[in-house]
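The next part holds the structures, each set out as structure tokens.
After this come two complexes, each holding chain A, first together with chain B and then together with chain C.
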Partner chain A sequence: MKKWGELALGIVTSIGGFLEVGSIATSAQGGAEFGYQLAWVLLLGTLSLAMLMEMTGRLAAVSKRTYADLLRERFGFRFFVVPLVAVFVVSLLVLMSEIGGVAIALQMASGIDFRWWAIPIALLGWFLLWRGNFSIVEQGTAMLGLVAISFAVGALVLHPTWPTLGRALLPSLPSHDHARYWYLAVAILGASISPYLYLFYSAGAVEDEWTIEHLSVNRVTAGAGNVFGGGLAIAALVTAALVLAPRGIRVEHYEQIALLLATPLGRTGFVLFIATLFVTCFGATLEIVLAMAYLLAQGFGWSWSENLKPGKDARFSTSYSVLILLAALPIALGADPLSLTNISMVLTAASLPVTVVPLLVLMNDGDILSSHVNGWPSNLALVVMGLLSLVLLVAALPLQLLGGG
Partner chain B sequence: MGALRLFHDVIDAQLVDRHQEKIGRVDELLLELEEGKPPRVATIVIGGAARARRVGRWMVACHRAVHALFGQHEEHESRVQFEAVRCIADTIELDVEADALDSMHLEQWLATHIICRIPGASGERK
Partner chain C sequence: MSAPRRALLALVALFVSAGCGSPPPLDKRLETLGSWTATMQLAKERHGAGAITVTYATQLRDAADEAFQQASTTIGSSARTRTDSAYAATALDSLRNAIRQLEAEIGS
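Up next, the complex of A and B:
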């Protein structure tokens, strides 16, 4: 019975966890400018993330150790510095974007400028991390995150043309604006596959004391959960294609994205959009801050757990306290949340090789996984992912210059 | 265990004290060289400077800069004799007290001066 509870929870977590500021913004831009055409990128991102989460979850359930822990131990500190710095920098940028997303949601609800909300949001987030334990953070954000289902409702109300959407799930070349198309493709991939997601997931498996018994829970969570979550991102793209594209609106402000739900669902849609933006970005804020503190603590061997009182893991709790306030500063000083989001999604995509490629080594290490090492299909998929991540690394910056803005 | 692979099983491994509290990782492993005797694995080093030396000169410079920024002149490093090793498995257990280690300076300083002054920090589990 408990297993089923965990299963349901896992699926809910992934649904709530998938959609956040990055996915909402990039899907909306993609739909507004290219209709359904970029749907295949969301499918690719969803499948890749599901695979990475299944593997890091399996690694944690079998070895009872987190991905960051094994990265340091198996590759040594000299190598570990690279993913540490890369993931740290991009996660900090994504964290700023998420705080920006929450602040924009509050601005839309209250009329008070988003800059005033950044510090209160950080303090509220800090308070929850300080007092709450891991399940409160995980389950609370997951349950509330279900409000994101309103994107699916919005898409259905607008009656999408299913055959066209079906065809868009296969890659195709754009008829115009090549640079912009590929730029958005990279940004969507960066938004779907964020390293903080699988670092958080593998640390969560250890926090929840997963064992080999949880391998089936892990498979279903990573698989079904991400497919639902990715489905919601596709729904956001579909609504943008049906609401923004025909009116020739290019997304330049978050307020425009509210039209995605306000057009099909009216005033309720507007409120649902604000709620979705607030809840998913706030949930992601908590998860990213924790993922960054986990990365530091596990990499350096400090005491860490969101289930311990802060006095028991002082360096860990100092890390999340400082980080959440630090990330709120640029927003408080008026940084534009939407441009910040776009840049951080592209940089996230560029950072993927350093966390994807080492996984190929770890997932084939019999000392760690014994009989649960990767089979050839998983390895093949991981090699493809690794190659894709290298392409993203090379292409990200040129595309930012050519197609960004 | 018959043989121990130092590079694989010891370097960078998670260290815990005798109460299973996490106390850092094996940042450096020293051999003892004594005239007329074969070299012997002697010391586990835990500390930022040792870690930085493994990466390269630029990391040592970064490490110094961070120390200078916070007005720290002392290097808080622990050197534990290999004889203190009690168990080598997923973690390496050392027969030491976390509180007695110099490398735990920052953890202790943060705990007493900052974290525990904020309400809700004390106790065991949330």
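Up next, the complex of A and C:
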């Protein structure tokens, strides 16, 4: 019975945790400019993330160590510095974007400029991390994040053309604006496969004291949760394709995205959109800042756990305290949240090789995983993801320059 | 010059030309203006249906107004012929009218 409870909770966590500022913004932009056509990218991103989470969760459950911890131990600290710096920098940018997303939600609701909200949001986040525990961060925000299901309701009310949507799940070439199409494809992938997601998941498995007994929970959570969560991102894309694309509206400002749900669901949709943006971005803020603090603590061998009193893991607690305030500063100074989101999603995609490629080595290490090493299908999937991540690394910067405007 | 060095220079030239070269082409500018015009029309319709608040509609109006001001001072550099200028003027007029109509709707 306890296991079923954990299973349900895991799925809810994944659904609630999937949508955040990056996936909402890039899905809306993709739907507004290319209709359903970029749905295949969301499917690819969702399946990739599900596999990466299953593997890092399995690694943590069997070894009782986090992915970052094993990365440093297996490859040495000199190698570990590369993913540490890459993931740290892109996660900081994504963290700024998430704080920007929460601030925009509050601006839409109150009329008070988003810049004024950045520091209060950081302080509220810090307070919850300082006083709360892992369950509050993981489950509390994810439960509230279920409000994101409103995107699915919005899409259904608009009656999408299912055969066209089905065809869009297979890759296709654009009929116009190739650079913009591929730029958005990279940004959507960056939003779907953020390294912080599987680093946080892996640390969470250790925080929740997973063992080999939890492997089935891990498989179902990573699989079903992400498929449902990815479905919500596709629903956001479908809604944009049906509300914004026919009118020729491109998403140039966050403020335009609220029209997505206000059109099919009226005032309720408008309120649900603001709630979704607030809750999902705030939840992601807490997860990212914790993932960054975990990465630092595990990399440098500090004591760490969100379940410990701050005094027991002072360097870990200091890290998240400084990081959340640091990330709020650019937003408080007026950085444009949508531009920041787009740039951070593309750079996230470019950073993937440093965490995806070493995973192939770890997932085949019998000393760590014994009989739970990857089979050939998982290895094949990981090789494909590794190659994809290398393509993204090469393509991200030119596409940012050619299609980002 | 070695091949890798030539490739690096070509890449740098591409980034520089894409990043700080000529202004965006006119069709992109017209698309942006058209997008804001449609946004204003949708916002007016949604406000009329009671779906969005005055506070939010005002924020949309301000963002569109900013886009209008920016376009009206810079679109000349993208319009190379008289026909281009006429298209630009029409697009600017449409956006200005759409902003006014939203303002009339929300009473600001």
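Just so it is clear, the second predicted complex is superposed on the first by the 405 of 405 C-alpha atoms of A that agree within 3 Å, B and C clash if a C-alpha of one lies under 4 Å from a C-alpha of the other, contacts with A are read in each partner's own complex, and residues count from 1 in each chain.
Going forward, a contact is a pair of C-beta atoms (placed from the backbone, for glycine too) under 8 Å apart; a residue touches a chain by one contact, two chains touch by 3 or more.
Treat the numbers as computed from the prediction; the structure is a model and nothing was measured.
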For A:V361, select first, second, both or neither according to whether it touches chain B, chain C, the two together, or no partner.
neither
- [ ] Report for A:S63: first if it touches chain B alone, second if chain C alone, otherwise both or neither.
- [x] first
- Query: Does the superposition put A:L401 against chain B (first), chain C (second), both, or neither?
  - Reply: second
A:G111 in the overlay: touching chain B, chain C, both, or neither? Say first, second, both or neither. second
Report task. Based on the superposed arrangement, let me know which partner A:I249 touches: chain B (first), chain C (second), both, or neither? Result -> second
Once chain A of both complexes is superposed, is A:L156 in touch with chain B (first), chain C (second), both, or neither?
neither
If we overlay the two complexes on their shared chain A, which of chain B and chain C does A:V383 touch? Say first, second, both or neither. neither
### Message
After the superposition on A, what does A:R267 contact: first (chain B), second (chain C), both or neither?
### Response
second
Shared chain A footprint, chain B vs chain C, residue numbers none
Given the complex, residues on chain A that touch chain B span 63-65, 69, 72-73, 76-78, 80-81, 130-133, 300-304, 306-312, 314-315, 317-318
Touching chain A in the complex, chain B uses residues 11-15, 21-25, 27, 51, 54-56, 59, 90, 106-108, 110-111, 114-116, 118, 120-126
Chain C partner, complex, touching residues on chain A are 107-111, 243, 247-250, 252-253, 255-256, 258-259, 262-263, 266-267, 269-270, 397-398, 401-402, 405
The residues of chain C that touch chain A in their complex are 11, 14-15, 18-19, 24, 28, 31-32, 34-36, 38-39, 41-43, 46, 49-53, 55-56, 58-60, 63, 67
